[in-house]
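Take a look at the structure set out below.
All chains are identified by letter, namely A, B, C and D, in their written order; residue positions are counted from 1 within each chain.
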Amino acid sequence: MTQYQEKAAVIRIERLSGDNVRLTFDCPDIAAAASPGQFVMIRVGTGNDPLLRRPFSIHQTDEDGHLQVYFKVVGRGTGMLAAVREGAEVSILGPLGRGFQVADSPACLVGGGLGMAPLLFLARKLSQLKRDRSRDTIILGGRTSSEVEPLVKDFEEFGMTVVATTDDGSYGQRGFVTAAFSSLSLPSPCTVYCCGPEPMLAGMSVLCRTRGYSCQVSVESVMACGMGACLGCSKPNRDGGYVHVCVDGPVFDAEEMAWNI
Amino acid sequence: MTQYQEKAAVIRIERLSGDNVRLTFDCPDIAAAASPGQFVMIRVGTGNDPLLRRPFSIHQTDEDGHLQVYFKVVGRGTGMLAAVREGAEVSILGPLGRGFQVADSPACLVGGGLGMAPLLFLARKLSQLKRDRSRDTIILGGRTSSEVEPLVKDFEEFGMTVVATTDDGSYGQRGFVTAAFSSLSLPSPCTVYCCGPEPMLAGMSVLCRTRGYSCQVSVESVMACGMGACLGCSKPNRDGGYVHVCVDGPVFDAEEMAWNI
Amino acid sequence: MEYLKGDVQIPDLRVNIGPLSLANPVMTASGTFGYAREFESLLDLGRLGAIIVKGISLHPRSGNPPPRIIETASGMLNAIGLQNVGVDRFIVEKIPYLGTLGVPIIVNILGDSLDEYRHITEKLSACEVVAAIEINISCPNVKKGGVAFGADPAMAAAVTRTVRETTSVPVIVKLSPNVTDVTVIAKAVEEAGATAVSLINTLIGMAIDLKRRRPALANVCGGLSGPAIKPVALRMVYQVAQAVSIPVIGIGGIATAEDALEFMLAGATAVQIGTANFVNPRACEEVIDGIGDYVLQEKLASVREMIGALQVG
Amino acid sequence: MEYLKGDVQIPDLRVNIGPLSLANPVMTASGTFGYAREFESLLDLGRLGAIIVKGISLHPRSGNPPPRIIETASGMLNAIGLQNVGVDRFIVEKIPYLGTLGVPIIVNILGDSLDEYRHITEKLSACEVVAAIEINISCPNVKKGGVAFGADPAMAAAVTRTVRETTSVPVIVKLSPNVTDVTVIAKAVEEAGATAVSLINTLIGMAIDLKRRRPALANVCGGLSGPAIKPVALRMVYQVAQAVSIPVIGIGGIATAEDALEFMLAGATAVQIGTANFVNPRACEEVIDGIGDYVLQEKLASVREMIGALQVG
């Protein structure tokens, strides 16, 4: 797989809510090569501190060479990235990792919090395939309205059923995405694509196993290189060994993982 | 002497020429306490790299609590400072050091390159004192027009004779400030206030000694603290010992210094 | 400073370094705070846990030629060369002001020989203001002295014993990180009577000016300090805290309350703030406030609960 | 890349590590470049001075539990735990691709015993592709092995001798910085037959997660690398270059051509680029280009003029 290190210009900055930012880059090589579930490593700042690139799922791409990331400000790196100016150039490395394996069966996309980020790209991809979309579902959950609402419209574009949940009930159904998922009657077979915090992924993994759905999960890990060179991003797998999130994932078959919850 | 660490808002950014930038801060405590020849230490960036504050002469202050610095982009720190946004807040420490000792005698101010920076503040101070200004002279020199021309008007405001020189003759007289100084007939006694590169200061020091003028020079040194705590900013003096630029200077009687040229 | 608002709740920040009681665990690191007066208009010196002054030798030293400092990635190198006014002038010129601050004054000392250490200690012990002595056996800047003492357990013990026998105030031994196993030195000085150890002093480093093809420092090598060295310092503090039973004082790249609390988790009873004073002259006070806030937020009975509380495994 | 424009002028960047000739002094540091293939779409592997692959042991190792890495100020800590596929799979799976690159391939090896070092060396010596062996005697991550060999001159010499006697390819010994006097170890391995020494490996460090009150790395300690350690690395390279007469390979925080040239001034014949590969996967190629530009601009007959050309005093 070919990867690129591009100097990408920031062409749009959207503050979707307090801490959640969506950046659009002009990044044609990576955008053209990317598939849903893959990620990029973005260099924040120019000095030696912070030193390492930060990983972000690819949120969307388009035919005009644009690439979007959608992220939450949680620390210094994301803080600096959120403060970038329109027109500034940022070094982006990608596309990285193995994304979602798109199946023919009806799809259920489940995103918790920032886990929604890669699902938009996936939803678009699914919508472009010649398949029956009427039985596809998207579940989007977050702690509160501001984490969910801003993206719902974007997801509704694809003609799939969108279910929203919030922990505090401020938008959509009150409760976790796992509860919403349990209460849905989904077609069978069905492929479930999940991204979100680990407890959610572990929960989804159990629910899917019970129902016999195949389940793909996108997981996170600290990363230094994002390309298999440092071996820093290990996660335990079911066999007692390790997988490396950046090259073996970030998307895994849920059955491969040893959840550490 | 009271010093302050202020969070100062950038209220004006002037790019006076390619690499030369003038910043105006809202910095009332330091502005009120400052005298000509003193300097400030400015924190560039927020991470650990670059780590140390950068020293800059106080270029001007006004009664509204504004403080200006005038600097050239020579490296990472000055580059970051030049890229600051209007409205951004920057940590400034000052006023630091011992400035010019303003004498009653006629004054000749000699600034080479960025050495002009502190002289504007000094010129204003001299112009405010009840003294005869008609015999005061200001010599401003630089490599080329863009280093000299942008400031000439500001200096002319004070009603003193302004002589400009450039190494390449692109503005004012061709040649060094030392040559311009030598060719002037100045009143005697006269106090000469100099700031600029060391060879210029060393040259001025010899010229003034020959003519019996008292000569004050503002010198530079690498600095970590700017306040006498690290002992890093030493310069050899005539006695074979060291002075510390940040507390014993930056302005010294030229006779005190051992020029290392 | 939550405890200054509304319902008063004062966090218990007191710690003890042997017989020495500190109001809080935050001290200034030697050589980075001058003789304290330099900072008087920028922070409340009376709030410091202790003040450790620039290293003092028997005779005045004029220090190294410039350049003496150079910035590095997240750090700096210094080769000040232990410039100081000498113990006699220190006692006359600096001690009176320091005595007015109401804060324990710890004097960092250095010498070229055991005799020199003994003499300085004798002179300082005569000053009531001196609450403790910190022995610099680790300074990398002066070619003789420094390194030799700090790198050899027997020599380190000898200096410690000499100072210990000469004074009744607490004796803190400041360890060099430029050794294969810092716990060996720590145990040797504990055995020799040290009240506490402080670590780390600077790592020996070098920078080169490519344009001039010369060392960036006139002294060629210098001491590396600042955030860059924090991981090394934290590791050594953790190792030493497990190896000795005297208090450990953590030093190295500390700039925030979080940094300080991490060193306490690793086993430090107190901390020293060095290079951060240059970047933020109010660093010590901000760290004290931040530790106070943490103690209240986490509802700790005392900051002492943090000492060595790291959960491993 | 001035020499690609108009009138062709090709800078002479060749250097020799004993009998091994390199097209330029820039190599990849072990453990930071995978097995090279990871970078194939990002830079021209054929332009590298040499490729040093991730450390190989006799048997496969699965490495440490996560978290294995954590960022620090201008650096990072790693405790990968020497994860690798083992020498047999390495030979079958990785060597064939590496052999196609037309660049000297240097294999970094590690072991728990002299026997293990001997066995790996035997197996690697049978591969024509292996241009040299770099012995990791300094890895701080694995509790046995690593540190013990690198911290003791006799043990370091013993490993060197074992490998030296087992193979005819050049043997580079990679030194640990976690010692009191690195020149003692360097002289010991020179004496024992090392073709060259490379330094520094990582400094042992630690980071703490205050929120969880736990070490940030599962392994507690890890190896510190990146720009933060460059001053320490530069100092040790300078010291070792003066102490030995075999070539010295500089490592530690190198990210730019200027960094590399500084190490050469300090006495390095070649350099390795580690952590910088993560930040900028094109770092090695950019450093090669930058050195070339410098050689032309400064009108040097060869980059070899830079080696040890530091003016001191």
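Just so it is clear, a residue touches a chain if its C-beta (ideal position, glycine included) is under 8 Å from a C-beta of that chain, and two chains touch if they have at least 3 such contacts.
It should be emphasised that the depicted structure is a prediction, and the values quoted were computed from it without experimental measurement.
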Winner on C-beta contact pairs when A-D is weighed against A-C: A-D
Separation of subunit A from subunit D, taking each centre as the mean of its C-alpha atoms, in whole Å: 36
Chain centre separation (subunit A, subunit B; CA means) in Å: 54
Centre-to-centre distance between subunit D and subunit B (centres being mean Cα positions), rounded to whole Å: 47
Multi-chain contact residues (two or more partners), subunit B: 47-50
Subunit C: positions in contact with at least two other chains: 73-75, 226-228
Overall pattern in which the protein chains touch one another (line/ring/star/complete/other): complete
Sites on subunit B touched by subunit C in the complex: 1-5, 43, 47-53, 91, 93, 221-236, 241-242, 247
In the complex with subunit D, residue positions of subunit C that touch it: 72-75, 77, 151, 178-181, 203-208, 210, 212-215, 220-222, 224, 226-232, 234-235, 238, 253, 258, 261-262, 265-266, 309-312
Subunit A - residues contacting subunit B, complex: 45, 47-50, 76, 85
Partner subunit A, residues of subunit D touching it in the complex: 31-34, 38-39, 41-42, 54, 62-71, 73-76, 78, 80, 83, 226-228, 255, 275, 277-282
Contact set on subunit D toward subunit B in their complex: 73-74, 227
